[in-house]
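Look for chain A in each of the two complexes below; its partner is chain B in the first and chain C in the second.
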Partner chain A sequence: MSKQVLDIPVLNKKLFAQMQTLAQNPLRDSSWKNFLQSGFPSVKHEEWRFTPLENSLKKIQKVSSPDFVSLSDDAEKIIASLEPIDAYRIILVNGKPISNSVKISDEISLLSLKEAQKNFPEIIKEHFGKYLTTEKETFNALNTALTNDGVFIHLKKNSQTEKPIHIISVHDNREEGIYSTSRILIVAEEGAKAHIVETHISTAEKFSLQNLGAEIIVKPNARIEYHLIQHFSLLGKSEASVIDSRQVVLEKDSFCNFTTVSMSGALIRNNLHMLFNAQNGEGHLYGLYLPSKNELIDNHSLVDHAMPNCFSNEFYKGIMTENGKGVFNGKIMVRKDAQKTNAYQNNRNLLLSDDAGLNAKPQLEIFADDVKCSHGATSGQLDEDAMFYLRARGIGEFEAKKLLTLAFAEDVLVQTKHEGLHNQIDKWIEEKLSF
Partner chain B sequence: MEDSDKILDELTTTEYKYGFVSDIEQDILAKGLNEDVVRFISAKKNEPEWLLEWRLKAYRHWLTMVEPTWENVHYPKIDYQSYHYYASPKVKPQLASMDEVDPEIRKTFDKLGISLVEQMRLAGVAVDAVLDSVSVVTTFKDKLRELGIIFCSMSEAVKEHPELVKKYMGSVVPSTDNYFAALNTAVFSDGSFVYVPKGVRCPMELSTYFRINAANTGQFERTLIVADEGSYVSYLEGCTAPMRDENQLHAAVVELVAHDNSEIKYSTVQNWYPGDKDGKGGIFNFVTKRGICSGVNSKISWTQVETGSAITWKYPSVILKGDNSIGEFYSVAVTNNMQQADTGTKMIHIGKNTKSRIVSKGISAGSSQNSYRGLVRINKKATNAQNFSQCDSLLMTDHCGAHTFPYIEVNNTSAKVEHEATTSKIGEDILFYCNQRGIGNEEAVNLIVNGYCKEVFNQLPMEFAVEAQKLLAISLEGSVG
Partner chain C sequence: MLEIRNLKASVEGKEILKGINLKVNAGEIHAIMGPNGSGKSTLASVLAGKQDYTVTDGEILFEGKNLLDMKIEERAHEGIFLAFQYPVEIPGVSTVNFLKTAVNETRKAKGLAPIEAKDFLATMREKMKLVEMDSKLTSRALNEGFSGGEKKRNEVFQMAMLEPKLAILDETDSGLDIDALRIVAHGVNTLRNKNNAFIVITHYQRLLDYIVPDFVHVLSDGKIVKSGTKDLAFELEEKGYDWVKEETINS
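Let's look at the complex of A and B:
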């Protein structure tokens, strides 16, 4: 039987040596070892069946420079236009923040991870790497081994932001084959509330790959609204790619609404794990993905009900055009003691081209009996009756298609709860589908 | 609560009703598997050279394969050398009437409640009874022959209709398809063969009762059903097996071929020995079932009621190659005690306007694990393909598990694919509603479970529907926590 792993030599030698040097640090040693042990998954690996990595890995030339890289004028211009404009902003280039801290309030800290190591050593020690496990998770292991910097957000007890916090991550791909590592740690203490937006963009058309790891810890009674937006082809076709692994941990009575909008990118793989670590948590996962020409967007999610009385709702929608490939793999796990769990999952897909493809695998794994769980998945095209209804009222074909497609996306976009952001994404969708 | 505990306890200690060993002298080949065993089986059955070659090719390929590990079931490693690969009753009969059948064998059937005489007279079912590996009696053959329908054992078919067997055997499930199919191809002992000629509608339900009888004989059956243009056939398969302490391996292959405008309906009621309540013993049921709708407007429908076996691991599939062809899969899988099931279907849409429908109902009780795994693939050229899938799971206790792994792969824009799944226990409000109206807990559960499975039972032929309901009642009565 064919191997489930690609040999590490898929990376070029110089790059491998560079990585090895970076990983030399007692803390990172075990992660590096775990990485060497697990290797890269091939398409024979069940979790990577539809997402071939080999070609992307071969294209990596070097690890991004630890020094500060200045932004191009184009990048500056995009950043200025990104919604939400009125927000506390931190800008990252290849995973490294360009400023060490952004002043918000005494209760809320927005820092670079390096700076946070000085100011919040205990919190970092308590949470960093606790949930983003490195065993058997190649990309987590490689991320932890090579992490240099990133973003740290801390919300004190009962604190609240008036404006959203906006993390803008620029993937600088002016040079071919840059590999970068980024890390995010967010800790919301008891009763804290925050609205966080994270936008990923790229500045050129060349290939780059970012390995992003994020841990979001939501303590009792805290509420987090999180919006992740990935749009690499804002300036024209871009080869920028990302492998994004996230762990959201919900404590007692907490709430998290996580929305992922994947507009464009050569290869986007989102591993979103939500863990219910105590009772009465409520989690929502929304997603919208629009792969078009030569793009592959793969959303893997795991909703892990480890404790009783929690509620989760997952709703992902895909719009596939040209030869874009969409992958949805959602797993709901209800562990043995997680009685009275309510878990819902829904995945709907719109295929707008004959060359487009979709692979969906919604899964339920249930070990408790007093639960209500359901999932649904559909794939189809725009409703003919609805099209006819609009056409019969004198609305042109393009206009009608546009209306229906935007309406399809609306279910997810309404979750952004921010008018400016909502309108901006609507505009992007129109542009992308060239209506 | 106490009541239901008592019922549960009673249920889990109920012995397998159909467990017994019938005492017939058998011709058993020594344990083990090698090329000589393959040659021996082939020689024993006087097979032509090409068939032996085919077996050997499969065997050699099997040696290069690795047992799959992706399944959601766990079992001790199988030692393939510890099985007998051939067993046949010593009295090899060439029988024309029931009187010539070995009285011991007839007694076995009587114990099983399959009275051949009764069935011949009352039900009008032609039974091709397979006791262990060799077919002992075939009824209603003459009547079928008049219509040109061939219904016989596989070894007979190899002798009398070699051209048909050669043409179709292995055409749906190639000898190299998977680990267990390759093993089956190498050592298959016997099985059933059905051929329905052009334009003929088979007037009766064809049926085979499989029995695993001799201790430690893996049963490797092979079934091939071919429906020629415009024909129709309904085939029933039912299984019971005696109580056994060591695990028995069953790796059958079933192939269906439906030509233009034809229809094949394949129904299974499986009630093999599931092992005792600690999971000791029981049958491993690793079966490859696949049908191909090779012609236009053809239809294949699988219906299964799976209550037995320690492990059930199978995916009756349909390849929808012909335009406008239809594939259906209806399943009820019940697991209790330590049973495990990983079952579902694959619908491969290749032709235009093809349609498939999947209805799967899983019921888990005791400490069992029940998985649905299904694939719906719409190929690029399958314009206007449609699929609807529904898989529901019912949980009876707090230590059983239910899992669903549906795979959906769509490569054509005009496809409409819908999948729905739910998992829950029997709602307290529903039970309360019944209680309020004077219906006891046990009766209410029965009502609800029967209603839950009705959509599948409706697909079964009359005789089977009754048997299926009985089986369900035995397996689950009152087992609500």
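Let's look at the complex of A and C:
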């Protein structure tokens, strides 16, 4: 057996047992086979070099059953405080929605994935699993094999939401070692517009791991603002972890602004893939990650320019404290047909402690000849001259650090375009820095 | 108010200040002049507490307290203000937010409650008039993209907001046209009173036409080699710094 694969037979058995309880279908079947073929990657695997999974995977004791789990008091408390307060909300516990549907309008549907299978079978059939490839992508394969429920959002042609749609995902880790699966499918039809916020929280300090898969399809002329927020240690240090794999597909003349804010989590791996599937698409990927004590946050992105005349801009910033570890791996692929592509990538990192770590790997693969691409990565400490300037005005060292760190985060946070959300994240960063 | 005794300071092992003695009383304006590299800006930085410099000998007393024992921000809380020669651009921090934090941190150090938002805004409006600063600048990021003149006016505006006891103006005139120079000088002259003091560091006599000093000191090679009244500045302008150097050697 190759050293690139971890051998954890006990876990495989549990996962298989879980799959056996679900309704069988060919996609599930082939996905499971793909999972077995790829296996869990070790640090010898090129894409997982800085993100060791072995310890986490071995902590898994229970593969979450699809039974309904109620919201804990702690979860309710956190949820009540989450921005955006005024939103259409759907709440999930360990990947499963606690309600089957949330009424928005005749044109916009927000449902559990299970309910959607009854109401929107054609749309599901057309899109589900189409882009989140299961070949050689272990976690996608495992996700597709074990998916039982999740969230489905459908926006009809030219529809528009008045308020943001807010997916709140509670990782209930009152029990030790829960592995859960969740899945999101969003289809924005031609000319539709929406602002979607997705917030992941957890309720206790114990270990849990969620495998989340998401497909977001943005049809011609549609516009999506998306904010993914991961903050597992809101109620004190949590061991909650997530492997989040998502595929955004941009069709002709469409637009997506995808912002990922990773506030806390023992292990967070974001595989954000954006595919330009037709001409004139515009995509922005913004990211902010703040790993602190014993946390690892890994952003692996792929911007795939398959068609000509598209624009992409990726801008990620990291703030590492204590022994927090950040990984940024950003790949821009410009395929042969994708002439006149504009693709930009920038990654900047702030290391606020000697023990903090960062691995940045920008990758450009360009097969077209008429393109504009650039990338850059930097890491450093707070600017000493700026610190001196602030302190010379009477601002204490701690406050000065806080001001400069928030300022560093600002050009990503300004992308939230929602005052309440922006302020809430600012407040979280302040809290995180005062540990 | 301020007493500097035999101050020696070095940077990366190289001695820059070689025994400075200076006494500044409340109500006085002292000008420190000198050629490039004489140690003028080093003296300003050491007073403000910049960590790049190592004080190897001597002491600085500010109102009887040992300044060298204090952190940078503590010096500011005691009433020392450095108007920077090169104000730092800080993207992402608005001037308003920065100043509010500075004012409140200073108040906190004095055991006072944070300033009321409306009082803060009223004070700000008043002080902005003093240096004819455009109100749009305060909502922008601190010094980011400000012109040279705007940065210097912003320094004097901050000084007006923080009302220091001792302000050190480090080559505030450099890069200023005559109108900006007049505005900056007007700010300083309005703020001066019998309880505060100023140290004006400059290369040229020009600024001293607008901010009239009580004393002029000439700094050369890390030492004050000559002190006098404002007439000394005119003499320097006429004869150049070599004159002082030669005189020092001859004596």
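Everything that follows uses one rule, which is that the second predicted complex is superposed on the first by the 414 of 435 C-alpha atoms of A that agree within 3 Å, B and C clash if a C-alpha of one lies under 4 Å from a C-alpha of the other, contacts with A are read in each partner's own complex, and residues count from 1 in each chain.
Operating definition for what follows: contacts are C-beta pairs under 8 Å (C-beta built on N, C-alpha and C of every residue); 3 or more make two chains touch, one makes a residue touch a chain.
Quick caveat, the model's predicted, so the values are computed rather than measured.
Steric overlap between chain B and chain C is absent once the structures are superposed on chain A; the two fit side by side. Of the two partner chains, chain C is the only one that A:R391 touches; chain B does not reach it.
Within the superposed three-chain model, A:D370 lies in touch with chain B and out of touch with chain C [touch as defined at top].
Counting the residues of chain A that each partner touches, chain B and chain C differ, and the larger count belongs to B. By the touch criterion defined above, A:P362 lies against chain B but remains apart from chain C after alignment on the C-alpha atoms of chain A. Once the two complexes are overlaid on the shared chain, A:R174 sits clear of chain B and of chain C alike. Judged by the touch definition given at the top, the superposed model places A:D411 against chain C, while chain B stays out of reach.
In the superposition on chain A, contact of A:Q339 is made with chain B only, not with chain C.
Judged by the touch definition given at the top, the superposed model places A:N349 against chain B, while chain C stays out of reach. By the touch criterion stated above, A:L403 is placed in contact with chain C alone, chain B being left untouched. After superposing the two complexes on chain A, the closest approach between C-alpha atoms of chain B and chain C comes to 14 Å. Chain A has no residue lying at the interface with chain B in one structure and with chain C in the other.
On the side of chain C, the complex with chain A involves touching residues 48-51, 71-73, 75-77, 81-82, 84, 87-88, 90-93, 97-99, 101-102, 105-106, 109, 141, 158, 162.
Partner chain A is touched in their complex by these residues of chain B: 65-66, 70, 378, 380, 393, 395-425, 481.
Chain A meets chain C in the complex at residues 383, 385-386, 388-397, 399-400, 403-404, 406-411. The residues of chain A lying in touch with chain B in their complex are 1, 46, 336, 339, 349, 351-354, 356-381.
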